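There's a structure below that I have some questions on.
Labels run A, B, C, D, E and F following the written order; every chain starts at residue 1.
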Amino acid sequence: MRPSGRRPDQLREISLEPGFAPHAEGSCLIRCGNTHVLCTASVQERVPPFLRNTGRGWVTAEYGMLPRSTDRRTDREAARGKQSGRTQEIQRLIGRSLRAVIDLESFGERQIILDCDVLRADGGTRCASITGAYVALHQALQWLVRSEEIPAMPRIEPVAAISCGIFNGEAVLDLDYPEDSEAEADANFVMTRSGGIVEIQVTAEEDPLSGDDFARMHALARSGIEELARLQQQALTASAI
Amino acid sequence: MRPSGRRPDQLREISLEPGFAPHAEGSCLIRCGNTHVLCTASVQERVPPFLRNTGRGWVTAEYGMLPRSTDRRTDREAARGKQSGRTQEIQRLIGRSLRAVIDLESFGERQIILDCDVLRADGGTRCASITGAYVALHQALQWLVRSEEIPAMPRIEPVAAISCGIFNGEAVLDLDYPEDSEAEADANFVMTRSGGIVEIQVTAEEDPLSGDDFARMHALARSGIEELARLQQQALTASAI
Amino acid sequence: MRPSGRRPDQLREISLEPGFAPHAEGSCLIRCGNTHVLCTASVQERVPPFLRNTGRGWVTAEYGMLPRSTDRRTDREAARGKQSGRTQEIQRLIGRSLRAVIDLESFGERQIILDCDVLRADGGTRCASITGAYVALHQALQWLVRSEEIPAMPRIEPVAAISCGIFNGEAVLDLDYPEDSEAEADANFVMTRSGGIVEIQVTAEEDPLSGDDFARMHALARSGIEELARLQQQALTASAI
Amino acid sequence: MRPSGRRPDQLREISLEPGFAPHAEGSCLIRCGNTHVLCTASVQERVPPFLRNTGRGWVTAEYGMLPRSTDRRTDREAARGKQSGRTQEIQRLIGRSLRAVIDLESFGERQIILDCDVLRADGGTRCASITGAYVALHQALQWLVRSEEIPAMPRIEPVAAISCGIFNGEAVLDLDYPEDSEAEADANFVMTRSGGIVEIQVTAEEDPLSGDDFARMHALARSGIEELARLQQQALTASAI
Amino acid sequence: MRPSGRRPDQLREISLEPGFAPHAEGSCLIRCGNTHVLCTASVQERVPPFLRNTGRGWVTAEYGMLPRSTDRRTDREAARGKQSGRTQEIQRLIGRSLRAVIDLESFGERQIILDCDVLRADGGTRCASITGAYVALHQALQWLVRSEEIPAMPRIEPVAAISCGIFNGEAVLDLDYPEDSEAEADANFVMTRSGGIVEIQVTAEEDPLSGDDFARMHALARSGIEELARLQQQALTASAI
Amino acid sequence: MRPSGRRPDQLREISLEPGFAPHAEGSCLIRCGNTHVLCTASVQERVPPFLRNTGRGWVTAEYGMLPRSTDRRTDREAARGKQSGRTQEIQRLIGRSLRAVIDLESFGERQIILDCDVLRADGGTRCASITGAYVALHQALQWLVRSEEIPAMPRIEPVAAISCGIFNGEAVLDLDYPEDSEAEADANFVMTRSGGIVEIQVTAEEDPLSGDDFARMHALARSGIEELARLQQQALTASAI
């Protein structure tokens, strides 16, 4: 039995609110239960030095948590003067995940920065960030088309992310914080709508994990990603009206 | 004529939403027109070294802006590895303002950290932070009473802050960003409900300011603060029900 | 009665020594009682990136204290690896104050850096810095004329700064350290010779301040600034001979 | 055909040299083809603050590359003043991997630091680090027993790591740098000798990866890990004589 | 012929002004021609961690230059966020030199920090710092005796420092900046009054230096140090009256 | 009697292994007893800003120690976020020493970075670094000739370094760590094969050093340097075959 009363294959209640940040070229407030992340996409005309004069663009991500998004206050990274290893790991993952589903030549020599800021944290913030960042990125590309900066909408494959875990010996989908802190294993799956693998990260907490348990988590993740992709599509369609 | 069409003595639309951050001991989302700041109050049992074993507590503040709270993306301070001079100046001001209205011995040897994070910026973020932080601090003190950590609610004097400026030669209240960037002078008033001065910061942008212009801004500020104090009181009363 | 025996409206003994730093384009050693600040003005041919190719110049300031300028040794900021919030606040104030009295297009696309280094501290170092920096800046502009870099002396309005406070219930001018640490309120006035307001910063230490007390401090400040402006003029005239 | 001429399931030539660093409590120089990593284990009597007085120990890792371990010189992180996101990600992975195979209460309130320094890099440095660090950690535990600090050798499960990839459409084991930079997908498997999963990290470089390709890599990894575990055992036995 | 017209064995005009910094336990403003350094000695009751409970004290030094002590403005190290390699090298040298002439057990478990701040620079700042710091340290020890913190004046051997160089093929004493920047070799001698060697640092600028040239510089240094020691003695005697 | 049983004028066993780092343009693993340093020379086409468009090149050095090169683990500088004063002092010395023996115009507008990384430390790491870096630099220059980047091998004067000390009252050559930590004085001599002085650094540990003791160390150093220069020559000849 899960602490939240959810079935093993049940996502938390998900909502996606595109256009939440009016200044940004693209944005989405994603809520996965009590995990709320504000994702924005900012288009810049400059690319990093290694891409200058190549005709290719870049997508990168930054991640942060508001100090009191967590149950106990987390130190502010700006005040400590550096980003933690965890933060860097997460923002590198978000960036790689989104770069994997778009052709970097399709939107010109521009950089799109995806900022994922956690307003409220209850587990699964990196997965929510990826799922929301896809919507923000999609909007920013539409903005480039509307602004006549690029002639047509680039091909971008829908991508989302979800966590799975082994909790009390059973594979469960979409861990919240109480589950996450007790789980025997923890995995994050970044996949396309059609089930293509973009990133998988599996960590056994105490004891190594069997191949069968991994397979069970993988299957749950596929069904969760399908649902998330459907919600992304719905949100983008609604916001385009 | 103000760009927003407001009268010279007219505040933007203000809303205060106490309890917005469920993890925090106190919190308030303040919206002043398109300036939105999330203020939280976190109670910690440790005080800074210089107060250990003195029986006195401390109130301090930290301030930040989400990168895309602004029209053009602002660099993330955590990524740059340090807080700007502006950020430090603002968070020092918030801390001083709230310390001035409470007896630091009244809540024991504890530290209360006020985090003011700007979700959307349209001028006046430091004033909104102070006005919202008062509500969050008030809630945190009530939480200490409810938790039986302190026997009775400490005396805290209501404090709020508002900007004034000289815009097109006229004194106006509560500048938004388009006014702020064009104003001839800019002032922030931190005052108690009864008009006591806690902090005043005046800056002439191009030419020095006359004493009369200062007096006009001061008068506007008094009326604005009264209105803000009324809204604070209303919000705290509503949230206590 | 003031600890120093001064009358409420009496400045400390002030001396201004222009040209103290022979390498600098402009300089002034200012002594306000036991507060001694060395101010230098350095002319650089490069401006910050946001001003390149605009034809405008820039004036900025840096502030520091020698570790043993204070009664107890203060940690060296270079050794700690960062400037404190207080230091940044002060140097931003000095920069804004001097930029307010000069037309930034009048001396070409150059940067003038005002370094204010406290050799001995007894309260009022930020005010002394501004008063001395004006003299250094004036000399640097004269140097630009003498060097035939600019055709004529730019118009610069004399500016000075002085602190006031409420000490034992009475408004007093030009606080020294023993007064400053006991004052009920503390204000810094940056004003032109003719009484125009450039910056005002008021802080109530324990209890909010009444409007009347503020008015008394403002009046004291005006008379103090007049005296300082007279001494600046005198020093510049003497050094020009 | 692989650039090195190896079969798809063929490891590079591996050598493990335990005791390479005479000062350290445990050490191993691991060579995987032209990737050479010096792993040392240092026993310290202090644990991080969160473990004080818990009776539990800690295992952590640090990772670095000599500047000219790479084909083109890599900037020295000590000179740049911070560790890159990649470095932090790798050292966090090494630490988690080794903590997963040992009971942290079994060696008392001590910290064991695993330093993995790359002397020569040709792909797969994080995997080589984990495989070598296991040997160094094993030696350090033996040292604790010999020094009579702990009564008996703690149970530690052999763990090793290997990369796999999809290269020219085929799953291959143990990528060297030329393969790594061309691979369509890249995965790192950290597993126990018996095939238990400790960590898996999969990244699709250009296009998402199919589940079948993942399964093929997983199978290759299992055979590679078995061989590495055999070599670890052999090296530890030889060094114990 | 030297640019300054001095004889090869002639020091610049030297003045030592003990007690220049009234807050400090010991201080000395040393002027060597146009090189002016303010040296202060601060007594602290805390020692560095490695000396706690050993009964031994410590002497350490910090060095800095005012930004406009130099002909062209030098960046402020506090603003850049770190001390340069040159600064660290110099302050380490000053600390070692003074520790070498005093028994660290003779003044109890205290730390004496020697701050050497260059107000004006014309070559030879590290030597002037050592020569002045000796006077400041001597005063601080006398202060400890006067304050009855220690029973008797510790034995401290007079130490001073002077530069020599090979300029236009000739050995010369006490280089000023124009000589220093043209010299073929540059040496700093830290010696006791009786000629004992505390530190020597020799650097050949373009071509290696012969043993004979070194011997000539060494002889000049001995005579220079004798003169400096006499001036130190004189200044301490005068200040004690 | 020396702890190692060596005669006063006896070097440790020295080996020089040129070409140890296959990626680098030049490299040398130097072993002086149990002090092992890997020196590499990296040629870069960019020079520091102050040399752009001057036609002159630059030679610079960086120094580091593996954390467990020492008997007790040394903190990793990259993790602490800065290089120690000692590290900076050493790498500046290495850079100066090598720049002194080569004409910086002879290899074009290029920078050669000498990385000296200590794999095992037993005293004398800075001297070993210089001796080994000479070999690496020599190889890099040969590489430039072979690559037809420069027409002919530049003139470079052989340079090496050795420590001497006063141990138990006697002058001894090439201190190992046990001697170094007990020595009354410690000196590092950087000299050319023909005895020209490039750098000398002498430090008296407890008591000042006499001129005679210095002379004895100098004489030992000359003979040691001759031997080192012979070994450098031998190694370069062997590697060229």
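Keep in mind that, in the parts below, contacts are C-beta pairs under 8 Å (C-beta built on N, C-alpha and C of every residue); 3 or more make two chains touch, one makes a residue touch a chain.
Only a predicted model underlies this, so the values are computations on that prediction, with no experimental measurement involved.
S.K.: If you walk from chain to touching chain, how few steps can bring you from chain D to chain F?
M.R.: Tracing touching chains, the least step count from chain D to chain F comes to 1.
S.K.: If you match contact pairs by residue number, which of C-E, B-C or E-F shares over half of them with D-F?
M.R.: The D-F interface is reproduced by C-E.
S.K.: Name the chain whose C-alpha centroid is most distant from the C-alpha centroid of chain A.
M.R.: Most distant chain from chain A: E.
S.K.: With centres defined by CA atoms only, which chain is the most remote from chain B?
M.R.: It is F.
S.K.: If you average the CA atoms of chain B and of chain E, how far apart do the two points sit, in angstrom?
M.R.: Here the centre of chain E sits 51 Å away from the centre of chain B.
S.K.: Mind checking the centre-to-centre distance between chain A and chain E? Centres are C-alpha means, answer in whole Å.
M.R.: Computed value for the inter-centroid distance: 59 Å.
S.K.: Touching at least two other chains at once: which residues of chain E meet that condition?
M.R.: Each of 81-82 in chain E touches at least two other chains.
S.K.: Select the category (line, ring, star, complete, other) that matches the graph of chains linked by touching.
M.R.: Here the contact pattern is a ring, one closed loop where every chain has two partners.
S.K.: What order do the chains sit in around the ring if I start at chain D and move toward chain F?
M.R.: With chain D as the starting chain and chain F following, the sequence is D, F, E, C, B, A.
S.K.: In the complex of these two chains, what residues of chain D are touching chain A?
M.R.: These residues of chain D touch chain A: 82, 85-86, 88-89, 91-92, 96, 100-101, 157, 185, 191-192, 194-211, 214, 218.
S.K.: Name, in rising order, each residue of chain F that touches chain D in their complex.
M.R.: 21-24, 27, 34, 38, 40, 42, 44, 62, 64, 66-73, 76-79, 81-83, 87, 113, 115, 117, 119-120
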